[in-house]
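Consider the two complexes below, in which chain A is the common component and chain B and chain C are the respective partners.
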Partner chain A sequence: MSPATWTHQQRVERTIAAITLVVLIIWPAAGFSSYWTHQILIETFLFGIAAASLIFLYAYGGMVSLAQTALFGIAGVILGNLATASGAGGTSKGLHLGWDPTLSLVLAIVGTTVIGLIGGAVASRNTGIYFLMITLTYSVIAVYTLGQVTKISGFSGIGGINNYTPGWIGNILAHPNRLYYIALGTAVVAYVLIRYIVRTPFGVSLQGVRDEPIRMGSLGYAVPLHRTLAFGFAAFLAALAGVLYVWWSGQIAPGNVDLPETISLLIMAVIGGLSRIEGAWIGAFAFILMDNYISTSTHIPLIGFGGTLFGGSFNTVIGIIFLVIIVISPNGLMGLWGRLFETRRQTTGGESPDAPAAPPAGPPKVSPDRPTT
Partner chain B sequence: MSALAARIPSREQVGSYLTWRRLPTLLAIGLVAFAFVYVLFLAKIPADNGATNWRTTTFGSAVHDPSSFLKIVLDSLTFAAALFIVASGFALIFGLMRTVNMAHGAFYLLAGYIAYEVQQKMNGSPGISLDTSQVSTWEWLVPLLIAAPIIMAIGLIVQQGLLRWNQGQELRQALITIAVSVIVADQIIAHFPRTVSTGAQKYGGNAVDLTWPGWTDRFVNLHVGGVQYSLARLGILAIGCMVGLGLWLWLYRTKTGMKIRAGVDDEKMTSALGINIQRTFAIAFVVGCGLAALGAVVWASQSNISSGQDGAWLLNSLVVVIVGGMGSIFGAAAGALLYAFVANFAAAYLPSTGPDCCTQYSTIVTFVLIALVLSFRPQGLFGRPG
Partner chain C sequence: MKKYKLRSWKSAAVVAVAVTAFAVWATSSLAASHAATVKVAIMTDCKGAFGFGYELDIGGAQAAFAQYAHGKPTNKAKPSAGMTNISVNGTPVQIVGYGCGNDTVPVAVTETKRLMEKLGADVMVGPLSGDEAVYVANYAKAHPTKTFIIGTAGSEDPTMQIHPANLFRYHGDGAQWNAGVGEIAYKKLGWKKAAIIVDDYSFGWTSAAGMILDFCAVGGNITKRVFPPLNTTDYAPWVRQLPPPTQVDGYFSAIGGTGTSAMLKAYEQQYGKLDPNKWIGNLFFGFLGADKTIAPKFVGAYIGGTGTGPGLKTAQAKAYEAVIKKWYGPAKLNPADLFVANYYNAAWALVQGLAKSGGAVGTALQAALPTKLKEGYAVSRGGYAYLDSRRQAIQDQYQLQLVKNADGSVGPQTVAYVPAVDQSFGGLVKPTDKPYGRTVPSCKKVVTPWQGKIKVVKNGVITSQVYK
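Now for the complex of A and B:
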């Protein structure tokens, strides 16, 4: 794994990654725009984690899950119900149990993971497009349930959750940089964890299950169990993102996790590229930039129309961008990036002598075009 | 030999193994049986002193309150008919082309709003809803006959322009239709409803009513348990049955239907036999979109139309198709019936012991239905494996 054995692409990517990480670590200290630090970047980190859980399931398990946003919201609702004390959020609803924030945090993550395992077990004998349909129904059911059960949430949701952070984190309202570093750290941990998991025996057999479920089954691997566990792990990641989200925004409501938000998360993942985990954060960053600047801008140079198209809102713009990306590059921005190196390799004809010996360390190239029969 | 004999499980061991393995099945059967017994015999209306327990429901059981029970059965049947009209279109498209048309709900919504605008223009007395007595049969039929072709044309454009050259790439097609649904839903919010004059209700996808023709606005005495039932809802049932019959005749008694079924079974072989499969695909897609429009006009006349229903009807179509079996018309009928009965009975017969329990949990019962069906038949009730 020494730099000498890296391919050209790996060298470039790892250099960029290292520089980005250093910049991100010194960013708040450098005192750049607080809007960027505390809005755009924190949001990118946490939605990136949720998008990474979606990409993990697709790239390594062959399952397109639209339930990640719902799981994300479930974690937030559990935390909100357990951690807040009565009278906290003004008009907000919830149980207001006022438990210890650390305990609530653990219970929120564990509870969401368990719900994910149950949902995964139900859907585990299906893959591909069927899995997408089943998880979409999960997501819609979760939203309606949260909306109708006024005791735990109701349509107005729970507010003021960011007042109840664990003591070892402290007051994130007064010190938003703490949340920045927690979100950054969690994102890095989530990324490393995914990269680690896919190299364990479990991760390798999960990829076997993705490609050849029948063959893996006849070799004695429990195919539904692998999918269930993978879905449970993705639920864990979504729960991390959900907890960060309620700390960041302070509130969670069914409106934060319903169909448009589910689709937004899918759009982030697709913009970044469904084949590589890194794409999650790149897609989230691109989406959030567009969300913040297109929807507030009064005039966009190339599009015009005062930030909207045909009288619609940001959704029309993002819908068209999404459509164009699927049509042009199904693998998203990471796919375009990969293509850059493919053409380079062809034109220069192996200019780096160490390239052929490089281990295929990167995640497998799974194209969304892959026929799922 | 003794070592081998020791490894052969005894009768008791086999018996206990089987019981353990059958536990989930037994539990599921027990759950379903309990639900039946509860609805038929156990449920009770609240006592006079207001005391409630786990048997308290809004309506009494079938034995105690047969007329309410019958009404809920009829409600379920008519809802199932509307579900079937919409979901059969989704199932037709999915069954033939393996295309999950995520824009089905958005097409439903657009059809409802277009029909509303046409009805308002024809009637000439704009408002959020019209009085049924003002609406003639033509003022209901013409909106349908304008909305459906528009949706079919949009469907054709989407299919020919975006989906056709991605045939076989299921995920890409699903993503494309998601993008279409995002755009359509956003444009609906920007431009509908138009005819409403009052400022706050104009645009923004606010709720408006389509209206049934006046002659349907009466109750029919069914002479069973003294039930008076809405003629309009019985009309939905009739339309649903006609759609089902029409689809069956079309798919099983005509040449186009034969080609479609051949395409479902083996697309490559069918086209190798000289059948223009692309035209068949286009026909099926257009008919599927037309069914979404028909369902929208029918159900929006009964209920209303408002933004957000695109998601609800996409969910409805998905549940019907997942439960009934992926992409079969009979599956869609069975799925629609099961889903409608479970949803309506859960809303009516979950214990109501106060504001916090339990009727608002009815959507979770839908999840239980999906979970039960998928655990025993992953491909759905009428689906074929693979």
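Now for the complex of A and C:
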């Protein structure tokens, strides 16, 4: 894959990506607003990873998963319960096992991945709307488990988790830039990992399973196993995001995994573009920007008619933007971007080789009368 | 679609310039204002179970700024319209923003960071709810140069277990609010055995703890504790877990929000008409809208207070109530409402602190915040509420009874005065104890500092009679 074989669009994108990466790396040192560094950008990185897990499952697996937020929360809850300790000045909820932070971190990520594999195994024989409903069930189970099992969380959740970071990370409260670089690095690693996996034989056959599960089954591929492993990998990514979140906010509660949060993640992914992984971070950035700047206290003189935009109602604004994006460009912002490069002559179908072969535009085919292998 | 042919280097340069310009615009929105201006954020809820508290909290706080710091309300009927001209001995004070929480923690996280980091507030007055305050307490620990004065959150943890040096609370926690009501149940209503139904989260546990500690201390016994999760809609299975009225003398309730009427309805369907002598609720039986829906079913019932004394006729209380009416009369704020009173006291404490620190914030302000406050409803010790060693208020408490007013409405009236209640209940609760929860506190016969000293309040006057 030498630069000579890159298409025009790829060249532009990779240049922008390189420049953006350089800017992001020097950002904290450049003395820009610390609110941007420690809130907007870190949130973008970590929610981008969670959104990327959702987009990965949809774009490469043909599965719409509403369980990514739940898995994100589960990782945070596991880490919170294992790593925090009780006692004077300690946090007040959770099991307080006080285990070694590095071990807790590993167990949180591994544990969530295992839960994802189990969940994926249960759901793997279903597709389309049924798969979506099963993952929604997982999400609801997570909310109620976290809310009602007060030993592990309860309504208030667990707090102060960012006091218990591993030694090799150090004190991120005293050195918040460390969390910035960890989040940035993890986001880059997650992106590279996804791009790598979809080119492996597993990734390619996963895309085959996405498009033609019956044919793949008759060719001898284990279709449910592919879906299960894909779901497990997405759980791993969601776990990374969850761990970063609890280090950033210090807190995890059922309110982090409820239906509005699940939908927020879906909105981030859709705004960014469900067909491309890059859309995860673009969508997360757009969403978080709006979330932070549209509120009753923000006056937008140009747009807001001298007052706040739509009375400061974030939900109204995000809803309108979401509608507009769906109508104009169902493939989100990345889809709009891709259209800039479309030529009139349809040579290769006008798609960049980066994007996976057209994922289903509408809901994936559901054939209830045919066994899904 | 237009045929775009972008030259990759030109387009990349354009994008880079756009990104940089955007970044500069975004960061310039944080340009430092006058170094001398003190930035205050009022953190409250505008959505969720306590969304109605938005105007009450802001109104209470701003009334104090108006009375003691020359503040000018923008709109006397709508506190959230803002306030200008606030200054303390020449130091300008700017309210940079109102937090818009929804009682849950994730929103508290983003709102706190927005107020303290994006808008750069030096001081937070708030938050409103218990779980938000637990987060804010942990946040305060990590940000020692910022100051936090709790608005009206009643959870135990922020000052008992977490207790950062820059967090102050000038009102009681949910347990303190109920101090005395258990003793009244035992002595006046003759309850020996009771069951308790509690919202399964930190404020529910804290509120229930006050009832349990007090009732058990005098010799009562809590035979069953039931914990429906927050936001339950069907209370029938939970009511079924309660012992029937033949097996207990009464029920304590620490259910709040929309759950209160739902739970009582389920109980009525199971056991018939509600008996005011067999139920003692916490503040959710008489305040925050319950006076119209729930109180009418319980005329004559005792309910737990909130540290305010509705109907108290002391000069200090009347003066405080007049101040609220003066500044926000058209907004119809009830001065005895805990949301109004507690935010008022927090803001007043801040003004006093800034006056003493000469406008300095950070650790200087924290050292200058008053350790005693002449709160409207304070009577003991010269009419002051005092802060203990953990910056938690030792506050007079008032237990209430639902009475029918002359105009036919039902509302809480002060019937008992419990002097100087501290968060540890006289040493019974220690910071090393597990925080209040499903099994904490246990039911023990002990002596509370106010046992046998609860004074009867008749028609707003504290008599010398005690509850025997």
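Everything below uses one rule, namely that the second predicted complex is superposed on the first by the 319 of 373 C-alpha atoms of A that agree within 3 Å, B and C clash if a C-alpha of one lies under 4 Å from a C-alpha of the other, contacts with A are read in each partner's own complex, and residues count from 1 in each chain.
Going forward, a residue touches a chain if its C-beta (ideal position, glycine included) is under 8 Å from a C-beta of that chain, and two chains touch if they have at least 3 such contacts.
None of the values given here were measured: they were computed from a predicted structure.
Chemist: Contact-wise, after the overlay, does A:Tyr181 reach chain B, chain C, both or neither (first, second, both, neither)?
Modeler: neither
Chemist: Would you sort A:Ile318 into first (chain B), second (chain C), both or neither based on which partner it touches?
Modeler: Touch status of A:Ile318: first partner only.
Chemist: Which of the two partners, first being chain B and second being chain C, lies in contact with A:Trp99: first, second, both, or neither?
Modeler: A:Trp99 contacts neither chain B nor chain C.
Chemist: Per the contact definition in the header, classify A:Val327: touching chain B only (first), chain C only (second), both, or neither.
Modeler: First partner only, chain B.
Chemist: For A:Gln148, is the partner it touches chain B (first), chain C (second), both, or none of the two (neither)?
Modeler: Touch partners of A:Gln148: chain B and chain C.
Chemist: With the two structures laid over each other on chain A, which partner does A:Trp36 touch: chain B (first), chain C (second), both, or neither?
Modeler: In the superposed model, A:Trp36 contacts chain C only, not chain B.
Chemist: Looking at the overlay, does A:Asn126 come into contact with chain B only (first), chain C only (second), both, or neither?
Modeler: Once the two structures are laid over each other on A, A:Asn126 reaches chain B alone.
Chemist: In the overlay, answer first, second, both or neither for which of chain B and chain C A:Ile134 touches.
Modeler: The first partner, chain B, only.
Chemist: In the superposed view, which residues of chain A touch chain B and also chain C?
Modeler: Common interface on chain A, chain B vs chain C: 144, 148, 150.
Chemist: Along chain C, where are the residues that touch chain A in the complex?
Modeler: Touching chain A from chain C are residues 1, 3-4, 6, 8-9, 11-12, 15-16, 19, 23, 26-27, 29-30, 46, 80, 96-98, 100, 104-107, 109-110, 113-114, 117-119, 130-131, 134-135, 138-139, 141-142, 155, 157, 161-163, 200-202, 227, 229-231, 431-432, 434-435, 437-438.
Chemist: Give the list of chain B residues in touch with chain A in this complex.
Modeler: It is residues 98, 100, 162, 168-172, 174-176, 178-183, 185-187, 189-191, 310-312, 314-315, 318-319, 321-322, 326, 355-356, 360-364, 366-367, 370-371, 374-375, 378, 386 of chain B that touch chain A.
Chemist: Quick check on the complex: what are the chain A residues that touch chain B?
Modeler: By the definition above, chain A touches chain B via 64, 122-123, 125-126, 128-130, 132-134, 136-138, 140-141, 144-145, 148-151, 258-260, 263, 266, 270, 310-313, 315-316, 318-320, 322-323, 326-327, 330, 368-369, 371-373.
Chemist: Please name which positions on chain A make contact with chain C in the complex.
Modeler: Residue list for chain A touching chain C: 8, 11-12, 15-16, 19-20, 23, 32-36, 38-39, 86-93, 144, 147-148, 150, 154-157, 159-160, 162, 173, 249-251, 253-256, 261, 291-292, 295-297, 339-344.
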